[in-house]
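After this come two complexes, each holding subunit A, first together with subunit B and then together with subunit C.
For the complex of A and B:
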């Protein structure tokens, strides 16, 4: 067992974990506020990838500027999706909202495969590398982590320090009581859906700077988000970040001991076991 | 229950049989392929309906049993030279066994947690099979041509698979009917409406749910065995395709969930629509978009589905349609 290799892949996994965590935070925020599992999350992550890609290749701008555009478009897109697909069935049983958000998934994939085809795309960004012994850190990864941390910090400041953020938490806590306090819950729900979508798009945009992708790539990250969300507890944004880091570390470390192909098997088995044993997540209250 | 006084059941079975006979009478291989797919969807949708429509548990990853049945039967036929019929039945029994083992812990979960867990199980199984060398790993398995000679050549073997699918389709419709009409089925529907109240009324929820789940795992496994025998090749991706699972849910919703006729109508309409869209030059690229839009419209406006809507509209139809 090589301790240096272990360290190298832990750092690599840890860094990816922050980016995974960002997408999962979007998923868990939406669940926490309105008890909706957004099955359109994957294609939305993929849309984020394409926004950054198009900004960089078609407009010739810096891909990191594309993240800002992804942020704004994500927020707007999420609010539109909420009113078109979710609002009418917000109080219906889970099956209904699962299918409603899945229909959004189908529509995005349907249009996306026509517009973008399924040819793999990649952004060639070189921000250099930083090396120390066996540990190599890509510049793009380091920047992705920094951005993920900034976005997380901003989300926290928003949720805990602003009036709108506090109303989101109030609605998540008890919608009826929040309405009695004069909060317009419809707009809070729409805004939460928008923010959740925005986080997914930013995460997708960051992933586009690291890996090659197609319009279908979001599916993998959507499933990772599910695993993370369950690790951290459904509806718990802090849990999502910790869950992301745990999953990233797990992926990094397990690849040393077992063939890469078996890693997803372990991930999903752990996922099902956690749902069974501790449905509130590793961090959640019992 | 007097079997002869069930006109709905007999009429439904007869209509399916008549349609299923079209390819056999005309001897058309193209029609056979069409109808094999329709019957496959019918089996999948009706099975999902037993656990989702009657019991209220949304099994998102139900396709896992289709894949398990397919893989087990394929392995037995290829490695042990077993006959299709026995291999299919063993595939179905293995799926039932796995469904019982998985169902006992997982069916304790409710709502979204159950749906998520079933997705996790399907993905775990797909990745497991993709790494499991006896099943050919990520490239899967394929038949040599000699496999079909035991059935009188490839042509006869394909027809045999089709006959098998017809039998499975009729069996699933009859099962779906009897489950709905039985005391057991009433227990399932009581659990769907309110599990805690059902328990107070003396229904054992765990036993009811696991039994319903096992039944709903059996038929897709049989269909999987026949389908991949016909294809002559099986790979982890197509065998455990989460997408097909959700298409099954769409068919149940489209037809009307909790009804016997609903999944049948849903499977037929959805498959016809899908193949129309795929083969139509104008719509082929947009078939996923249209499927999504259709699903959204059903979910938002016609939650009860076609059959459910008809039942709501007319008291006569409510008595006739199950």
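For the complex of A and C:
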């Protein structure tokens, strides 16, 4: 196998890894703050795809503008879902919140299937290509990487530089202590769920600029997000981005040597190994 | 009084004579009483889901057949019965699970008389399991998988050329136009139909002296072909053949173009013959597609006579004209497949003179005819009963005309060509 093909495949995997990382960041943020595994994550990613698609095809606007709308709607949707499905069971055993978010998953899939059907949709975006030898980089992928980096940077600035962001970290660290310090933990939890949902929707929107999709497409990215979250460390947004990049690279490199159908097997073997050998993930939880 | 009695007798005698004469007169040929009946044909349509493009065409073909039959006054049997076709169908959402549930419903609840299969080999296979279980005759449309028709089915009849003969022509085309070509990559969807095609194309390519540099399947619903394309680029094949269905085939062709893959022949299943394929723009240029039928096909009553086949139904030109008039678009082979599946059933019912399953089955077994869609004949061997044995594929290519517009041309076999094959750049 020639080295150029390996390089080309690695670059493809690396670029996709940034978007995977962004999707996983939403999942890990929610877990980190409130110890809730959001099983509605996949359908929310798919909703992000449809928001960008509808903005581009129905409103005739630039699909990247759809990302801004996905950001706002994602935040609002997440807060609503938190109060409707999660808030009342936030202190219940983990299985209860798991079931609550799973019901959100089923409802989105059910309504989404009726409204959007399962017919594949695709956006026709051509941002050109950059080619060198056998390496071809699509403009859309490059833009997706840049946006994923910007969103990650903005999330960090928000969590570390703003008062609200610090409140979120405080609640994640010790909810009871944060409440004693006068932080309204209910709103912080709702906001965190909103931000997690928002990140999932943005990643969905970016994926819609790259590939065709249906309302069921989020499922595969939800599964990848679980692997990434475990890889990077539960509750650790930096770990999610690193985990995404590692998973993307792993996909890129392995597919050159083995049939692509074996990639999920390798991913889940890694998933199990990390849980067994290093349950805190590569970067560990904070 | 005495006069009156003979007169009455005379009148009575005349009346009796008249009655006898009338009764003994040779009877006029009696017209069999016309009995109007309805015949319900059931199927599922993938109105949503990944197969909706091809399935929609198939259903449009079926609807056009029904229009034609209703306009002609129904299906007329020798005993005077006139059958008016009615359709009963549901959306299967491109899901085989729903197909099985809905075909059971069609048979048990809706009491349909005959079945047409849903589009795609996987869906048709799921439907066939149910139809065979209940002994209902089903004509498959849009289903080419070999394996499905090699299970000794008794009630299932295949309209399409089997998958094993789908892409062999593309390899012949490569051999004819590019004798220097050595390497072929086969990348296919991992469903039963596309796998059948790939399994047949691989040994065929090797038997022709080609080096199959890549043979790999992708999951149904794949949207990112980069891992496959990177392997293809590394292997630098002269031809790429494979694909699966419309959604993935279109995405694959688009991503091959975006990644600037330069194989001279790219022949993909199902997607290219669909007019909607050109929505990917220049990426569609010079892509080759095997097709069960094209509007340019020249099957006619005269051709049937010359070849000694029975001819049945309308001409390709009439089918295309009426289809365009009804739907305002070109028919694809999926449209023709839908129409001809119902046409085959009509012919079998007419030949049988009945809707009784045994008689219709016998008529289907005997059938050997030429239609606008090509020749139709079914295997009668126990293991492959109902498998299509006579219909052949043609190969089309999207080429740019003088004005730069993408137009469909027939490039293979040479007897059917409307333009010379062009290498992909």
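Assume the second predicted complex is superposed on the first by the 284 of 286 C-alpha atoms of A that agree within 3 Å, B and C clash if a C-alpha of one lies under 4 Å from a C-alpha of the other, contacts with A are read in each partner's own complex, and residues count from 1 in each chain.
The rule is simple: a residue touches a chain if its C-beta (ideal position, glycine included) is under 8 Å from a C-beta of that chain, and two chains touch if they have at least 3 such contacts.
In this text the structure is predicted, and so the values were computed from the model without any measurement.
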item: Residue contacts on subunit A - larger count, subunit B or subunit C; value: B
item: Touched partner set for A:2, first subunit B, second subunit C, both or neither; value: second
item: Contacts of A:213 with subunit B and subunit C, given as first, second, both or neither; value: second
item: Contacts of A:259 with subunit B and subunit C, given as first, second, both or neither; value: both
item: Which superposed partner A:230 touches (first subunit B, second subunit C, both, neither); value: first
item: On subunit A, the residue positions that both subunit B and subunit C contact, one per complex; value: 113, 259, 261
item: Contact footprint of subunit A on subunit C as seen in their complex; value: 47-50, 52, 93-94, 190, 216-219, 221, 223-224, 226-228, 230-231, 233-234, 247, 251, 258-260, 279
item: Contact set on subunit A toward subunit B in their complex; value: 31, 35, 37, 84-85, 88-89, 92-96, 98-100, 102-107, 109-111, 113-114, 223, 226-227, 230, 234, 259, 261-262, 264-265, 268-269, 271-272, 275-276, 279
item: Residue ranges of subunit A in contact with subunit C within the complex; value: 1-2, 4-5, 8-9, 12, 16, 113, 117-120, 122, 124, 129, 131, 134, 136, 138, 210-214, 217, 251-252, 255-256, 259-261, 263
item: In the complex with subunit A, residue positions of subunit B that touch it; value: 52, 58, 60, 105-106, 108-109, 111-113, 115-117, 119-121, 123-124, 127-128, 130-131, 138, 246, 249-250, 253, 285-293, 295-296, 299-300, 303
